[in-house]
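So, here come the structures, one by one.
Each of the two complexes below includes subunit A, the first together with subunit B, the second together with subunit C.
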Partner chain A sequence: MNGLETRRVSTRILLWIVLIAIVVLYGFPFIYMLLTSLKTPVETIAVPAQVFPSLWTLENYVSALTRDGVLSSFINSVVTAVLSTLISLVLAVPAAYAITRYRTRLGRVFILVALVTRMVPAIVVGAPMIGIFHSLGISDTSLALAIADTTISLPLSIWLMASFFEAVPDELEEAAKIDGASRLGALWRVVIPVTSGGIAVTAIFAFLASWNDFLFALLLTAVRAQTTPIVIANLQTQFGLDWGTMTALAVLYSIPVILLTFVLQRHIVAGLTLGAVKG
Partner chain B sequence: MMLPAALFLAIFVGWPLVQFVSNSFFDISPIAGGPRTFIGFDNYVAAFQSADFWSAAWHTVVYTVIVVTLEFVIGLAVALLFSALGDSSRFLRTIFLYPLMIAPIVAGLLWKFLLIDNFGIVNELLKRVGILQSTDQIQWLSDPNIALFSVALPDIWLTTSFITLVLFAGLQNVPGDILEAARIDGARYPTLIFRIVIPLLRPVIAVALIVRGIDAARVFDVILIQTNGGPQGSTETMSLLIYRTLVRFGEPGLASAMGTIYLIVMMAVAIFAVFAIWRPGSDAR
Partner chain C sequence: MLRNTTGLGRFSRRARVTSAVAVGAAALLALSACGAGGSTASSSSGAKNLTVLVEAGGHGELQPIADAYEKQTGTKVTFVELPYDGLYNRLNSEFSSGSVSFDVAALDAIWLPAFKDALTPLNDMFTDDVKADLFPSLVDGAQIDGTYVGMPAWANSEILYYRTDLFSDPTQQANFKAKYGYDLVPPTTWQQYSDVAAFFTQPDAGLYGTSVKGAVETEWLANLSQAGEKNMVIDSSGKSTLGDQASLDALNFYTSQVPNAPAGAAQVDWAAAQNLFNQGKTAMMLFWAHAYAQIPADAPVTGKVGVAPMIGGSAGIAGVPGPWYLSVAKASPNQQAGLDFLKFAYDNNALSVTSSLGLAARISAFEKYQDDPKYAAFKPLIATLNAPATISRPANAKWQQIVDSVLIPMIQKAVVPGADNQQLLNDAKAQVDAITK
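Coming up: the complex of A and B.
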């Protein structure tokens, strides 16, 4: 029971009505997109607009999935996001561990610098990256895009992992060391298993940053490594206003993250609130 | 063990940043391998003299203020509702989480579809409840007077949840006995909120607003996809102007100067915000 919780029944009923109204309003855009994707292409732009389809059909999904480049863009999105998540974790876990365990001035400076990079607009680093990836010989590859996406997620990953490591008592590692484990051994066998929930949270946010990225994909991919957000955006210019296909593709692209949210909701809430609330 | 991450950030953030800033002192041909001439601060002079630059700066400020204000008001209201209803609101909290996961590009297109004249559902529903006479009465995205507000809607839709969640978590940590004591002293609900809860939550509120403010000031995807800066440039923010100057007009030097100014201002505002609202170390954290 929280101090702010109200106990009067009449107030509670009123607040429930208000809250449900807000949530329905809030959920409506997505529900409407789902309903639109199940209409016939003609009905999507019919005047006056109707909320529910008069004829339920998967026509838009068929045309979305059979369009050139759509399937390969899905594969690219998955490959890029997974790669970026891995790079982010491999770099963030040791860095965050060192920052929390050695507690040097350098570590504090590092975490501040990492946070400052969050303020840099993607367009500023994105443009010179084109040249850098070209000279590395990885232009228009999922690896290049994954690296670019990692610049977004890495500072947050370090920040999150540092908070999780902070919560692990030193005694746990001391005990492991007395049992003869090296510092790295203790990290690998004791600290990482204890913080696996935190690693999951960090992985989700790294994955989402890459999955939902648009600007880097726009600047750094041409054809081979193109991800689905680019394909979705292109639908509007190439084919005028193909809203049916667009909504179907958007729903398909949102399904993996919606499932992810459903399965891992508790972790996501923890991750979102952790950094901010702890200050 | 910090070295790999530090190297990564140095190579893929630091080095591009150095290149970007140094580009701002050159006149660069847009053709790859074309000539570069050092021109000192000429690009900066050109940026400050450009009307587009000032209007984009203004749009960025207005957009950020609209987004952060609305998100904060709605976010706090919903967080208080969740708190008032306690644990039984858990299911609705989960639903509230979903927009956060959706790609900004999808949200932008979706809202464009919702707000479009004639066959957009928003105007249709407004007409059905009698607020509008016809479905093209409000031209959300093609009326330059309101377009900057309309393009902000998907951003607000996507991330109000973030503010709500953060504030809700903060509200859980407000000690119940303080509230109880205030109630016994006869404090009414608004007094409780404005005099006790909000001041106690200040560090949490500061972090949430700073994070959202920085993101809103960098807005790109949702505007590009909805209006591409139009109509009549009324929704062109700094990120869009830099992109347009760079890619369409092929003026990397000028774009870099604009971006550098933008970056410096952002950092200054963020640092000011951190010290002014958050006051790290001075409050109970």
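Coming up: the complex of A and C.
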């Protein structure tokens, strides 16, 4: 093995070590949560804590799934996140398209202002929403929560979609127009299919923003639209903390997102690459 | 041409997909307009539904009462549970917005001053008979600026938990007597508590005398009252009393237990202290009375736990009452129904004893169950809450801020070895005065 090959192998080994370290760093909390969810109630609070259960049990999962309100909160989380994602995409795609294609000064101001809304603390937006949704008669509904969650995801969605649209050459649309397509037709039939990877990335970010939202769910839901993050938080009371049930529920709540990420993995990578190579 | 090259079939499939998405979105929208948790719609008459906002877990205390109320009146009570910190934020936001999603709320005693203007006065409910059946500190805490705004729902206080297997061990008893010159019994004074904690501290055996909770403030506040402080942190003129002799004595005693406790006191909170005791790592624990009934059946200490009143300092025993109050929102459209529920909840307060938390507010309710071994914590609780030195936390709208930004950070610094307690108290006094001015 010559010097160049040795250096290449060494670099590769070093990269693998760094990669494994990063995976362990990010993955360990989740693995620990998973292992805790499989411990007996006494072991979950053992001092000092042990990583692996001495007695493996699904008791905490039974407790989590039979708890009042868990199933309905799960349905609410799905409905809210899907709805928020749809609203976010329906608004972000045309907004980002108009900004990138018309390239007006107003468009540049708009996209900057959209980003500024991300700098406003959510509680500032949440408090007035209570009164607004009450007036509209949609208090404690998934629709109200989805609208609120969209305020978190929309600015990021617009920025993401704008970067993906920028990467699509104007010539593609012009070719479509020569073939008789209108601007909207070109957007629908050419640009959107080409940026489907980017849309998948944007959709995942929007979905996650809503799926993990706690503050708006806390402020805007009661019984009908309460989502799972609130139910999980409710396991910590002033007088005690049910670690086993809490971790079991958190694991269950993570599964859809993990599955979604795996299913859309190809699109995510493609989408990120699309944004990255934009020249 | 684009249209031709993509083909008619492809457009038809796209159209079908688009239609399917549209139908799905419409269905989702319809579903989202109600949510999956069932309806909470209240009739404007307020007769058929009541919504009660409670801290997570607190719902259990009120469920037996709600069930009896529905049976008697036909009014369904729906509980909305929120985590403790979130509940305060929710109440604050809703009261600020002027529109509330609930009729009745269970409030921590320390929140009443902050929300008093948004709560319905309850003066008519506090008759002499009612006041006579409540602990003085609970009556005191229900009244803000001369107006009663909360009806006690359940009360709590720290009491002493100790390991009966250790205290009744003849070898331990003999060794203790030989070392300290008096019998090994559940401690009643600071000195006894210190002696017993030091005696049982054997790190090599994995056992400590007690735990020191650096991440919470209530136990130190109890020490403050035990040391003879008549005004907890803030006096009647609104000035802080921190830095005086009683506060220094209390902080010195609190931090003196650090060597008798597991390491990392600054991060120990209620849950950690409870875990340490239930795991058999500490011989004693000062903790809320409800925890007696919550010792896990398979915990190492199950069947080996005794309870006694809170320990005492120079002013005698004292605890910090931890009551929760039921209040009716002024903005509720069902105000009268809410008041009726509060009256019913008071009349049937004893039903709460059989719930998960196992607490009540009325003295008569505690006394009804105090001789049952299952409720052994009630006698020490009654003794602690009735102790003359037991006082409520100050009725100050900024109390929560004082706790979070001044008291807990001060205690966390104090439990670090070498801390200058007098200086910490002086600094804390300046911070509290700046908050309350």
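Going forward, the second predicted complex is superposed on the first by the 233 of 279 C-alpha atoms of A that agree within 3 Å, B and C clash if a C-alpha of one lies under 4 Å from a C-alpha of the other, contacts with A are read in each partner's own complex, and residues count from 1 in each chain.
As a convention for this text, contacts are C-beta pairs under 8 Å (C-beta built on N, C-alpha and C of every residue); 3 or more make two chains touch, one makes a residue touch a chain.
What you see is a predicted model; the values in this text were computed from it and never measured.
Of the two partner chains placed around the shared chain by superposition, subunit C is the only one that A:234 touches, whereas subunit B remains out of contact. By the touch criterion defined above, A:161 lies against neither subunit B nor subunit C after alignment on the C-alpha atoms of chain A.
By the touch criterion defined above, A:226 reaches subunit C but does not reach subunit B.
Once the two complexes are overlaid on the shared chain, A:140 sits against subunit C while remaining clear of subunit B. Once chain A of one complex is fitted onto chain A of the other, the partner contacts of A:248 are absent, as it touches neither subunit B nor subunit C. Between subunit B and subunit C, B touches the greater number of residues of subunit A. Legend: residue contacts after superposition of the two complexes on their common chain; A:123 is shown touching both subunit B and subunit C. Shared-chain residue A:206: touches no atom of subunit B or subunit C.
Of the two partner chains, subunit B and subunit C are each touched by A:45.
Once the two complexes are laid over each other on the shared chain, residue contacts for A:75 go to subunit C alone; subunit B is not touched.
Under the contact criterion defined above, the residues of subunit A that touch both subunit B in one complex and subunit C in the other are 45-47, 123, 126-128, 131, 233, 236. Contacts from subunit A toward subunit B in the complex involve residues 1-6, 11-12, 15-16, 18-20, 22-23, 26-27, 29-30, 32-33, 36, 44-49, 51, 87, 90-92, 94-95, 97-99, 106-107, 110, 113-114, 116-129, 131-132, 147-148, 150-151, 154-155, 158, 208, 211-212, 214-215, 229, 232-233, 236, 243, 246-247, 250, 253-254, 257-258, 260-261, 265, 268-269, 272-273, 275-279. If you check the complex, the residues on subunit A that touch subunit C are 40-42, 45-47, 69, 71-73, 75-76, 79-80, 82-83, 86, 123, 126-128, 130-131, 134-135, 138-143, 146, 175-176, 179-181, 189-190, 218-219, 221-226, 230, 233-241. Residues 1-3, 5-6, 25, 28-29, 31-40, 51, 55-58, 78, 80-84, 86, 89-90, 93-94, 96-99, 101-102, 108, 156, 262, 270-271, 274-276, 278-279, 281, 288, 290-291, 294, 296, 298-299, 357 of subunit C are the ones touching subunit A in the complex.
Residues 1-2, 4-6, 8-9, 11-13, 15-17, 19-20, 23, 78, 80-86, 89, 92-107, 109-111, 113-114, 118-121, 124, 127, 135, 157, 162, 165-166, 168-180, 197, 203-204, 207-208, 211, 214, 218, 220-221, 224-225, 238-239, 242-243, 246, 252, 255, 259, 262-263, 266-267, 270, 278, 280, 285 of subunit B touch subunit A in their complex.
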